[in-house]
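Please find one structure pasted underneath; my questions will follow.
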Amino acid sequence: MPFVTIRMIEGRTREQKRGMVKDVTEAIVKNLGCPTQAVSIDIIEYTQENLAQAGKLFCDGR
Amino acid sequence: MPFVTIRMIEGRTREQKRGMVKDVTEAIVKNLGCPTQAVSIDIIEYTQENLAQAGKLFCDGR
Amino acid sequence: MPFVTIRMIEGRTREQKRGMVKDVTEAIVKNLGCPTQAVSIDIIEYTQENLAQAGKLFCDGR
Amino acid sequence: MPFVTIRMIEGRTREQKRGMVKDVTEAIVKNLGCPTQAVSIDIIEYTQENLAQAGKLFCDGR
Amino acid sequence: MPFVTIRMIEGRTREQKRGMVKDVTEAIVKNLGCPTQAVSIDIIEYTQENLAQAGKLFCDGR
Amino acid sequence: MPFVTIRMIEGRTREQKRGMVKDVTEAIVKNLGCPTQAVSIDIIEYTQENLAQAGKLFCDGR
């Protein structure tokens, strides 16, 4: 613990994910004082057909 | 907010998803009185091998 | 299936939740064609200290 | 209810999943005393690029 | 990994939870061949007002 | 989007949460290039009776 789940639209590069999990982990360790190895992160990626805001699918424009 | 996650078996059409997110959003706005644009929905789809009920995978029949 | 999780700020009345789960269930049944009894909904409520947008807790204003 | 979500790295066989959902369901029924058919399980699988521990993606080694 | 989330109605005893996490962990280790210490479980408990099936809150009867 | 869920043991102060959501949001914006206001975070806190590792509840020691 803690466990972090990041849900986002698909299409980010491995480089972006690599930097993101490194920096998010540091942000949590800094503020909670937990060991770095205690922080787990999972990323769930969505197609534009599986996300909606204001009642409209992302694939239909925003 | 609110955030809605809908988990379902894969195979629904875009048309079904389009209608579902529209109607679910309206149902929430009507009852909670929040703005339409505050409602986010994400859909997680599962293969029949990744869902089970009563101890049995969906791909093995029900 | 399908399973619906609704995450929202605490403070809604039972009457609001009652109407919301009824209408959300109807919205899903109408669009997916699944039986009413197949739709499960769980509601996760958050205090204003456990939600944030734009890097700011809800309890600190928006 | 209860609903069980199992999040794991991709690559397990159908045979492993079949045994896992059977045994996890039995473990829950035994301890909670609920009917077998009340237990639903969903499995979310992740690529090595979408999981991280200690600030490092699984695809970058551990 | 793997991470297991169990969502259920509130009211189970600590003894029930203790037995459940022990047995669920064994069920996963047996089938996936992962180390026991790799299995994390979190339990989310719901009031009867925050769960619904077939469009009806649990607190309103089933 | 993106939506971040942080699951952790209860007991952190508001000050810790305030710093955490600020820094996690910055970490995501820096790496993904999304607007700050697009980042939502929710925190789920667990009692020691509702978390387990290696088949043992946190309340029973580690």
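To keep things simple, chains are lettered A, B, C, D, E and F as they appear, and every chain counts its residues starting from 1.
Definition applied: a residue touches a chain if its C-beta (ideal position, glycine included) is under 8 Å from a C-beta of that chain, and two chains touch if they have at least 3 such contacts.
Because the structure is a prediction, the values reported are computed rather than measured.
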- With chain centres set to the mean of the C-alpha atoms, which chain is at the far end from chain A? E
- Since chain A and chain D are copies that touch, just let me know if over half of their interface numbering is common to both, same, or not, different. different
- When chain C is superposed on chain E by its C-alpha atoms, the rotation angle in degrees, nearest 5: 120
- Using C-alpha centroids, which chain lies at the maximum separation from chain D? C
- Query: Taking each chain's centre as the mean of its CA atoms, how far is chain D from chain E in angstrom?
  - Reply: 12
- Starting from the mean Cα coordinates of chain B and chain E, work out the distance between those two points in Å. 21
- Query: Considering chain C alone, which of its residues make contact with at least two other chains?
  - Reply: 1, 3, 7, 17, 24, 26, 40, 42, 44, 51
- Query: Taking chains as nodes and touches as edges, what kind of graph is this: line, ring, star, complete or other?
  - Reply: other
- Chains that touch, pairwise: A-B, A-D, A-E, A-F, B-C, B-D, B-F, C-D, C-E, C-F, D-E, E-F
- Task: Give every residue of chain C touching chain E within the complex, in rising order.
- Result: 14, 17-18, 21-22, 24-26, 36-37, 39-45
- In the complex of these two chains, what residues of chain B are touching chain D? 7, 44, 46, 49-57, 59-60
- Task: Mind listing the chain A positions that touch chain F in their complex?
- Result: 1-9, 12, 16-17, 19-20, 23-24, 26-28, 30-32, 51
- Message: Can you tell me which positions in chain E touch chain A when the two form their complex?
- Response: 1, 3, 40, 42
